[in-house]
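Pasting the structures in now, so scroll down.
After this come two complexes, each holding chain A, first together with chain B and then together with chain C.
Moving on to the complex of A and B:
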């Protein structure tokens, strides 16, 4: 999913950087309001975990591989796509500066795809689907959609750059990443359920619930 | 830092290190979705990075798989420390705003 240097002309990279800077401005506003002694370690650990998990490429048919991305995961855990934007900016910077994975000129485009689009798609599909279809299927679809839409966005950027033909690009990128998205969906479910089991207080949805729904929750418990 | 949060960091580091040690042995060398698409759609998909990264492709050449593990561990620690420092700076600004 990492677009490398040279796939997008510099003037278009500059446009993506401007979008990234605007997104970071809002994300830092969010961070000032929402980061506390509990969420600072969580953010750092998730960033390191995403860096680590991105190295595990799983072989998939037809002769491709995919790794977990984590955009939906971060956005759902924090209930904020802003957290995904901050984490992906940091992780992609480290990957581009030290390991030539992705690139510095295309950083803006890559954060837009994986952090902004992946984060928004993941969080809001989860929120919309959680009640009608249940928590676990909603997380799975959020993970799948975050990869799929990030890939579609990357294809549109590469088509605009003249690097990929639009139609064929949408077909191959859409198909391959629809397969990779299944892996993302499964792993997002596993990580969130694991985190909820060990530290339910770290999930933003549980924290909001504590304040807002404390009464209704205890009433439910009584009626059961 | 509360013990609970310290434990989270320790557990996180352990999980990341396990992934780093296993990754060179279990990761597939198949191209990912974008690389495969580039192979199929472009005449010359090999481009050079703009800056010289010290450890391209997570490798330290003469060390083989051990080099990959070392590169990943370094990357994990850099990511963890940088993210932690930036998050702490953002939180400090937060605290000042409330005073």
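Moving on to the complex of A and C:
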């Protein structure tokens, strides 16, 4: 999923950077309004966490391995795709600058795929599906979509760059990430449900409720 | 992706002493990113070869182990290598060889694959060099000095601090799981059960690091930390003659390589 340096021509990289700068401008506006003494460490920890969980490789039944990406997770925890944009810019910057995973010139393209598309697709699919199909399937689909759509976007970018043909890319990247997406969806469900059980106050949709109410809800869930 | 050890190993490399380690962080960052941009811009293999030789010379000057640097580059190659492998088959042009089942190898595709591979190797060498001579906090501070928005720089700085804590937590959890004979690839347990354990591991790692991080951050705030705080500060590193020599060498190299290409393209040469 991480496009490396040299695979996209510089002029196209510049277009992606312009999109990234605009997205970051709005995300920082959101951060100025919404971040307080509790959410700053949460955002920084999530960024470090996304970095670390990308190192946890898991075997999948067809004989391939993959790792969680976390775009939907971040957007759902904060109820804001802006958080995913800030976190993925930082994570991909560190990966590109220190580990050469992804790249510097392609940072804009990679953040668009994993942060912007992953975050927006994850959060809004969750919001749209939460009521009609329930919370757990909605989180699963949000996680799956965030990976699948990010991979499709990467394929389109590589095809536009003339690096990889569209049809072959859609088949290989699409199929591979449709499988990886199952893992993403499953792990996103476990992490969010776990967080809701242990620290419901960390989830944005619970912040407006009183902590006492949350604790009693949590105790009720445990007793059941 | 990189394992638990690589974050700590990188910081050890950055603590070595050399002419390059002592340069101002901003200069190292700008020049090595400039080399990556130039690498992506060029389509001339000769330029890429010259840039790689220059970067290898800088690695020699920085006293970084060639073995470690090459090992890191080789480990990173497969990430882009898979797309490069397909290039001779997917870029139609002059057929140079036909494999069984009518699969053609095209000259244009092969050359494009070589160009992508060369760009990838030079970019990787540049990043491996940058990450081996600049501590992470120095890079954060360099970004801050170069105009990164303060809120963004603060989250960036905290993220780097939490990163080491996170890896420690992950290491502890994995150690505890290993002590209890947990193996993620052990097929004696059901796949769903193993996946659940991975999910719980991620959640526990996140929660433990958050709870530590929250107390660390509140302690920092109570001691006067804000987005204006200069956490990494080294007064000795100022832009001086060494930095100007380093900048001039890189700029001259780019100009010379461009002139060389123009000269070689002239008729009769």
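The rule is simple: the second predicted complex is superposed on the first by the 203 of 224 C-alpha atoms of A that agree within 3 Å, B and C clash if a C-alpha of one lies under 4 Å from a C-alpha of the other, contacts with A are read in each partner's own complex, and residues count from 1 in each chain.
Just so it is clear, contacts are C-beta pairs under 8 Å (C-beta built on N, C-alpha and C of every residue); 3 or more make two chains touch, one makes a residue touch a chain.
Since we're looking at a predicted model, the values are computed, not measured.
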- [ ] Report clash or fit for the pair chain B and chain C bound to chain A in the combined superposed model.
- [x] clash
Task: Contacts of A:161 with chain B and chain C, given as first, second, both or neither - done: neither
Task: First, second, both or neither for A:15, with chain B first and chain C second - done: neither
- [ ] Could you tell me if A:68 is touching chain B, chain C, both of them or neither one (first, second, both, neither)?
- [x] second
Open item on the list: A:176 in the overlay: touching chain B, chain C, both, or neither? Say first, second, both or neither.
Closed with: first
Open item on the list: Output check: A:6 vs chain B and chain C. Expected answer is one of first, second, both, neither. What do you get?
Closed with: both
- [ ] Have a look at where A:187 lands relative to chain B and chain C in the superposition and call it first, second, both or neither.
- [x] second
Task: Superposition clash, chain C versus chain B, among 22-30, 184-192, 202-210 or 256-264 - done: 202-210
Task: Residues of chain A at both interfaces, chain B in one complex, chain C in the other - done: 2, 4-7, 28, 31-32, 35, 37-38, 40-49, 51-53, 55-59, 67, 86, 90-91, 94-101, 103-105, 163-165, 168, 198-199, 202
Task: Parts of chain A lying in touch with chain B, wherever the complex brings them together - done: 1-7, 28, 31-33, 35-49, 51-53, 55-60, 63-67, 86-87, 90-91, 94-101, 103-105, 151, 154-155, 163-165, 168-169, 172-173, 176-177, 179-180, 198-199, 202
Task: Partner chain A, residues of chain C touching it in the complex - done: 1-4, 6, 10, 33, 36-37, 39-41, 72, 76, 79-80, 83, 86, 90, 116, 119-120, 123-124, 127-128, 130-131, 136, 139, 149, 151-152, 154-156, 158-163, 165-167, 170, 184-185, 191, 195-196, 198-203, 205-207, 209-210, 213-214, 216-218, 221
Open item on the list: If we count contacts the way the header does, which residues on chain B are in touch with chain A in the complex?
Closed with: 1-2, 4-6, 8-9, 11-13, 15-16, 19-20, 22-23, 26-34, 36-38, 40-42, 47-51, 53-58, 71-72, 74-84, 86-88, 90-91, 93-94, 97
Open item on the list: Under the stated contact criterion, what part of chain A meets chain C in this complex?
Closed with: 2, 4-7, 9-10, 13, 24, 28, 31-32, 35, 37-38, 40-49, 51-59, 61, 67-68, 86, 89-91, 93-101, 103-105, 158, 163-165, 168, 183, 186-187, 189-191, 194-195, 198-199, 202
